[in-house]
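Scrolling down, you'll hit the structures one after another.
Look for subunit A in each of the two complexes below; its partner is subunit B in the first and subunit C in the second.
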Partner chain A sequence: MSIADIVREATELPVSRSADECLKCNVCNTVCPVLRVTDKFPGPKYSGPQGQRFRLAHLQPIGGPGSANPPSPDASVDYCSGCGWCTTACPAGVKIAEMNNQARARLREGTRPKLRDWGLGQTDLTGTLGVAFSPIANVAMRNRPLRRAMELAIGVHHKAPVPPFAKRTFHATWKRRQAKAGTGSGKAQPGPDKAIVYFHGCSANYYEPHVAEAAVWVLRRNGFETIVPDQVCCGLPLISNGLYEDARAHACKNAKSLARYAKAGYRIIGTSTSCTHTIKAEYEEMLDMRDEDTRAISAATWDIMEFLLDLHEQGRLDTGFGRLDEDLPYHAPCQLRSHGIGLPALDLFALIPGLRARDMDHDCCGIAGTYGLKREKYDIAMAVGRPLFDKITASGATVAACDSETCRWQIEAATGVRTRHPIEILAESYRAMDRARGTAEPPGA
Partner chain B sequence: MAVPHTVDVLVIGGGATGAGVLRDLARRGMTSLLVDREDFATGTSGRYHGLLHSGGRYVGKDKVAARECIEENRVLRRIAPASIEDTGGYFVATPDDPDDYVEAFADNCNQSGVDCDEVRVADLLAREPAINPGIRRAFRVPDGSIEPWGLIEAMVADARARGSDALTYHKVIGMEVAGGRIETVTVRDERTGSVSRVWPKFVVSAAGAWAGQIAALANVKVEMTPGKGTMLVYNYRVTDAVINRCHRSSDGDIMVPIHSVSILGTTDIKVPDPDDYDITRAEIRRLVDEGEKLFPSLREMRILRAYAGVRPLYQAPADTVAGAGNRSISRAHAILDHADQGVDNFVSIVGGKMTTHRLMAEQTVDAVAQKLGNTTACTTADEVLPGMEPGHHYWVGHRLADHEAEGGGDADLLCECELVTRRMAEAYLDTHWPCSIDDVRRGTRVGMGPCQGAFCTFRVAGLVAERLDAHTKATGRPAPGTEPGTPEEVGHAPGSGSLHAAIADRALTAFMRERAKGVRPIASGRQLQELMMTNLVFVDVLGVESLSTASALVFEDEEAVDAAR
Partner chain C sequence: MPHADVVVIGAGLSGLTAATRLAEAGAVVTLVAKGHARTHWGSGGLDIAAPHAARTPADGVARLAALDHPYSYLAPCVAPSVAWMMERLAAAGLPYAGTLDTPIRRVPTAIGGTRRVAIVPQAQSAALRPWGRDEVLVVAGIAGYKDFWPLAIADSLAREAVWHGADRPAAVVGVSVELRGLGDRHNLNAMHLARRFDEGALRADDIAAIARAVERAAEGRPGRVALPAVFGLAAHAETWAALRAQLPLEPFEVPLVPPSVPGIRLWRVLRDRIRAAGGRVQLGEFVHAVRVEDGRVTAVEMEAATRTHAIRTEALVLATGGLSGGGLRATDDGRIVEPVLGLHVEAVEQDAWLVRDGLDPAGHPVEAAGVRADPDLRPLGADHRVSHANVHVVGGLLADQRSIRERCGDGVAIASGWRAARGLASDATRSPIDCEMADSARTEL
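Showing the complex of A and B:
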């Protein structure tokens, strides 16, 4: 145990006890994007440190599961989107969003999860099936009557943004490519200064393999090979839907697969800010996993923009960026703010000649993972993101950028503006340079 | 409300015992009047740890008290379900507790009829993760928590439905004794100053720790030994069950979850005057030092305030043991018939505890009935109190669930911490007006949460002013001295603005002073910061210093705050 661990253990409060820190100052309420647009959510202060005092101290109600006295008596806490702004803003250190999340999980304790909430949590299953049947699935998901039927049947709003499935998962493509190249068998694996471990998460695997490809390409350009170990969904969709036990199972699998790399000094790089935040913080905070393996992978995990900016600060980033003469509205997702790493994408965009990237300076697009997909929350999510959508539309730009997948899908659906991961913008800029130099290589190489 | 001239029995003291006596008398057909110098439960009944005893705390030294507790525990669960939370309780053996006591505990419980099951330590720790993981054994008993204010109101309501009555803010200031009887009792309305006389057939003093002072009015000597018990209020549920240490009862060895808080009790220090005692820092240190043996993280948990109550301990002169501490005095009760001191229609009920208040009342009324020739049997253990549903106990989430059912959210919340809505406060004022904000607190829990009144007091003061204005508009006359205090007393200078505002201001400052009093002794960490923020709200934002009641500065005691740092 390092000194940092000892200090952390001594100073970090468990989520439930952090209610003690609340001074009732209201800062959380002033930053809550949901409270601003609806009365259905009573606000972070009310649902969090105040509501906490009316919940039993432990998980099981006295009368056992299903008793008339549930451990979480306020169903309204379900309207918290989990964006995390309250926790970020609280000057006293109350873990409000986490508290709400636990209350949501307790709300569901002892009752069978809704099919929808269960389903939204099973991103690996949905993704695997979706990719396997992608020609049919993608047509079906564009079919209005079918989507209305789906809304009635399971409560996913018919207008909610659902991206098309990829034809093949990134993971499968990668494996095939590795097999073809004969890597992984004879050749010695490059060390942690020459390679990183890539956590693609579900979005880059099942829906946006082009994001993963761009990441691999940019990393290689900067002298890092990519290792893609076996992995499963980080578990965040399960946590958001109150299914902690399933999420723990996911976290254990990931810890088992990734820990040996982390302990060998490899950095784990992700292109999804929400996956990386989950591994960094929520495995311990929400799932109460404090084992050595989990701690090792948490400490080794980086967001890809954070990693690249760090390279730049060390003078190791290839700054040969080609000119991109365009306006680029940029939305920083809520999860990115929870990382506490600033807005590294914007700092990197500033290196690209001609690019006029502008922070849209809006707190939340509304989607908050799976929140905005739900029938009863779709309108709230759209209202939360409305000022952002209006700004992006007004900018006249044809492309926008955002680090988080569900935000990208939400923004695209609401504005019609193509929204890309910052890594794709960087890749495009490098390619522009290659074209200018006449050294362009075919994409995907 | 007028003071009646004649009653069968005058009951002095509006605590649990007095209300229980009033109810029992009324049910046996004796029309009675209860008076209290303040609101109901402002003495010991409103200032205890909230424990509904299983009897487990007494099995080691006082099996009679233990047996009474378990029997009354069962009765109260039946007749006062809404006032009780069925938390269950545990006695746990920490490494500091003596083996012989722990070994004998289950047997001792058995002998007193206290239900007791040993549970696996691991199971208890899984349920109650805050408990010291070093505990060796754990026993489950039917402890619970019991809330006094609703209980007393319900008992009074039962009595009122039978023609009896109770008057708060009516202080007994004199008794006329003639021919070996109390002829008349003089009471003063503390709010208007008006004085009345009552001719009772019989007088019961249920004045608890103040019984000596009441008896003295009839030239009767009752030697009380008031024992101060200090308690600490923790911000929320440290545990869901009552947790006791398995040893001879001592300081800081019990945590009672009640409403939205947990209460760590208690100390026991003899005090000469039940109205005059301080909470010392040494006591608080002692409580936390001992409490830590049960809950290792206790020191990091937020304390909202400290408060103290005085136990109505009584020791018959013959039983006095020189040099023995207060803990050695029996918690059992005694009914003192003052005929032995030449007053034939006067008894005092002393000692005892909240859990046995009904039994104390029954035995007292038995004694009164015998003297008055009433042969009706006691029925107070038979029927559920008015307004309560059989079997429906209190549970911690009810207020949040109820508020949720009414639409939830911040709308119309006066007190955000304890979820008191305008409707709840108005309903209380409707039935209790005129009253102080502190009375509203007892009735609704307003101001009892983490902010200790910072964000709710000015809202309630607004309601008070509204009500005074409404009265004036409706009657065309200024509202009478509704808040305790006359225009002169509230510092209202003629022509300086609304008298109503001045009364509301006074109510506000009085309440904030009362709240700050309990915060000061423990003010450190977050609670000190909260106090500072409260100061900011009241002094810097609301300008409380410039009120016409400027003498009543909320936090003038900066020295105490400095010391707490």
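Showing the complex of A and C:
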């Protein structure tokens, strides 16, 4: 047995068993943003490794035979937002946030999910309906009395940040454009060194098609055409709400559609840092999916900033960035940290002349996907993000940047400061260069 | 692949020291760590050397330097490195008291015992002064905070035995102080209290409440007040100044069970310093493999979601700690291994792991396990020759220290981190940053 084997055996524990490594040192409790602001959550140490001692006695695979409702010490684990700071800070390698997520799923097992939790997981359904009826839906979502009624009926807080639906989905726009140009059918597809597969996820598809357009534009400028295969929600909102079975169905659909590209050597690029993390890590770690197709798409997936920084390190990035003379507060979302890739957006911002991007160095904006939308958690989420909001407001900046959509919506709602995806900032900088050179072209052309 | 002049693995005092000095010297430094380290559970004081019978830290260093001990080659670095560290802490508003010639004295602990110290944060320093015959010690806790139990501590400190023959207060009284709004909280940890003082809104009221309780308990006698170490993180300096100004007796902080607020203050100062000098500090990074070519480390690979992420480097500082820090691992078949590079480990045979008296003043034989190094801190193989030319081993991973008994952990960490950085910084920046050590420092000890 080599030393590498010994270490692997000792450290690559499944989530549930990693509780054995806990030293009870309390480091996780020092970094937990939720424990910082509320008593409703007893902290990662208690809900995670300590609670796990009780759960281990009944340990069976989720969804397996006879696993209906094994006991968990109490239901407070539901107040974990899943931000993952505990896992990052743990000196012993305990996968605390992941353990909490599994405990929540087990807690929910065998009971019918709340309509709200089920609904928050159905991002494709909400998005499709919302876009179809966007003129009505957007007015309705801004209507106070209606939002209050919605809070009473399904428990989504009336002030929770919900962005307006797009007029048309990115996917539909893309298909139409491809049909018009006559591409996609007859013409030979460029190879994996000339094209990437884009995973737009729900946010860029239903709410922020401009993010998708910016990504396509920046990628083309760097020599990559974009392929947009059929896809569904990555499944993260379902995982966060404890609906693992439904999430697996989503993962399977995506694997089926995307695996042939992954196996042919195409990289799958996403603009939603939480979707890309889900495909990279959670399909296997949380959903226990280890089939060939799922593994292939996991291994091929990149966050767009990670991909562009990699291009830069290979000397292949177009570094002709135009001047952007502005302050740019930047918030690194929790999901980005779970990628373990550093803060690539900040490295790329550093290439833009004049741009004064500054890491706000705050743990969590509070929203944690769908956590802060919920009636009973909205105040907690706002309290968690408060120091970040204050810093951004105090900076006096008119634009902020963040890689994750729900964080952007939360920051924008709380501060009134327009919050953009880093790819939009890069696109703006390239356009500034084009203007300076007199070669500007309309976006999306 | 990103590139660094030096990668430091480990976020404890030795890794932080090395990274700070390197970054200040202009080297491109990345510090990676699995999670937080001993800063988060240590006392925040600097244990330089307090073996049995040592009168001062300098005396302790001299005694240990005469043995097979890292101090046998690091002794000349202790004075300049500790001075260097204390200067930086003071500059950041975290002054320390004591020198290498300060007598080692017994100070109260949070369970009502005593421990031997000489160099401590200013806020702990009032405990170091000899006790006058008429002095009362008031132990003041915060009602609802369970990690500092004033009545039990006072009961214990009133016993002569816990002072081991040292001078002691004439009387000890415990008092529990009610602070506004804490009555409803059932999860109160040191961080909650520290942040409450940071926020400042209730600071004046809280301090007034403590002052009144101390006044009543002291009954007009002279003396000092022991308080839990929770008085602010970012706003520690002003909180402590206000407290000192308003209490009728001189206060001192007593370090607590983890999480350690004084240690977290120390961590934040060094982390901020590294960042301000352009270095990077990345937690949640599990080093998966190290690439070695011709006995030189060329890159460090870390686990990331779905793929490893690597940093190319010219040199490596291994600050991963000893057995308790995870820098060494014991295997079921009785070996102690160094998991990152598989360095040669000096350790007693497994039979000797079991001893009759685990608390023997001479220390436990397994404590001395570790990696032996040359005076430049490069690791030695079984053949006593340097096994990796550009690797430097610092802190708890160094063999032949029994840090629990010898209380030398912080001194070895600071001296070795400082020494390793000195050699590396000269390589990285091609201009020696200082040469004061060899000449001036040797005369100081």
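In this text, the second predicted complex is superposed on the first by the 418 of 445 C-alpha atoms of A that agree within 3 Å, B and C clash if a C-alpha of one lies under 4 Å from a C-alpha of the other, contacts with A are read in each partner's own complex, and residues count from 1 in each chain.
Throughout what follows, contacts are C-beta pairs under 8 Å (C-beta built on N, C-alpha and C of every residue); 3 or more make two chains touch, one makes a residue touch a chain.
Keep in mind it's a predicted model, so treat the numbers as computed, not measured.
Enquirer: Considering only the touch criterion stated at the top, classify A:232 as touching first (subunit B), second (subunit C), both, or neither.
Expert: neither
Enquirer: Does subunit B (first) or subunit C (second) touch A:301, or do both, or does neither?
Expert: second
Enquirer: Could you tell me if A:383 is touching subunit B, subunit C, both of them or neither one (first, second, both, neither)?
Expert: neither
Enquirer: So in the superposed three-chain picture, is A:75 touching just subunit B, just subunit C, both, or none of them (first/second/both/neither)?
Expert: After superposition on chain A, A:75 lies in contact with subunit B alone.
Enquirer: Answer with first, second, both or neither: which of subunit B and subunit C does A:30 touch in the superposed model?
Expert: second
Enquirer: If we overlay the two complexes on their shared chain A, which of subunit B and subunit C does A:17 touch? Say first, second, both or neither.
Expert: It touches subunit B, and subunit C stays clear.
Enquirer: What is the contact status of A:42 with respect to subunit B (first) and subunit C (second): first, second, both, or neither?
Expert: Touch partners of A:42: subunit B and subunit C.
Enquirer: If you stack the two complexes on chain A, which partner ends up touching A:92: first (subunit B), second (subunit C), both, or neither?
Expert: both
Enquirer: Go through subunit A and flag every residue that touches subunit B in one model and subunit C in the other.
Expert: After superposing on chain A, subunit A residues 25, 39, 42-43, 92 contact both subunit B and subunit C.
Enquirer: Which residues of subunit C touch subunit A once you look at their complex with the stated criterion?
Expert: Result: residues 1-2, 34-37, 40-41, 184-187, 189, 191-192, 195, 257-259, 264, 280, 282-286, 289, 302-307, 309, 325-326, 329, 331, 337-339, 342 of subunit C touch subunit A.
Enquirer: Going by the contact rule set out above, which residues of subunit A touch subunit B in the complex?
Expert: Listed in rising order, the residues of subunit A that touch subunit B are 13, 17, 19-25, 39, 42-43, 45-46, 49-58, 60, 62, 69-76, 92.
Enquirer: Touching subunit A in the complex: which residues of subunit B?
Expert: Against subunit A, subunit B makes touches at 86-88, 127-130, 235-240, 257, 260-261, 297, 300-302, 395-401, 404, 408-411, 416-417, 419, 449-451, 454-455, 526, 529-530, 533.
Enquirer: Under the definition above, what is the set of subunit A residues touching subunit C in their complex?
Expert: 2-4, 6-7, 10-11, 25-27, 29-31, 35-36, 39, 42-43, 87-93, 277, 280-281, 298-299, 301, 313, 337-342
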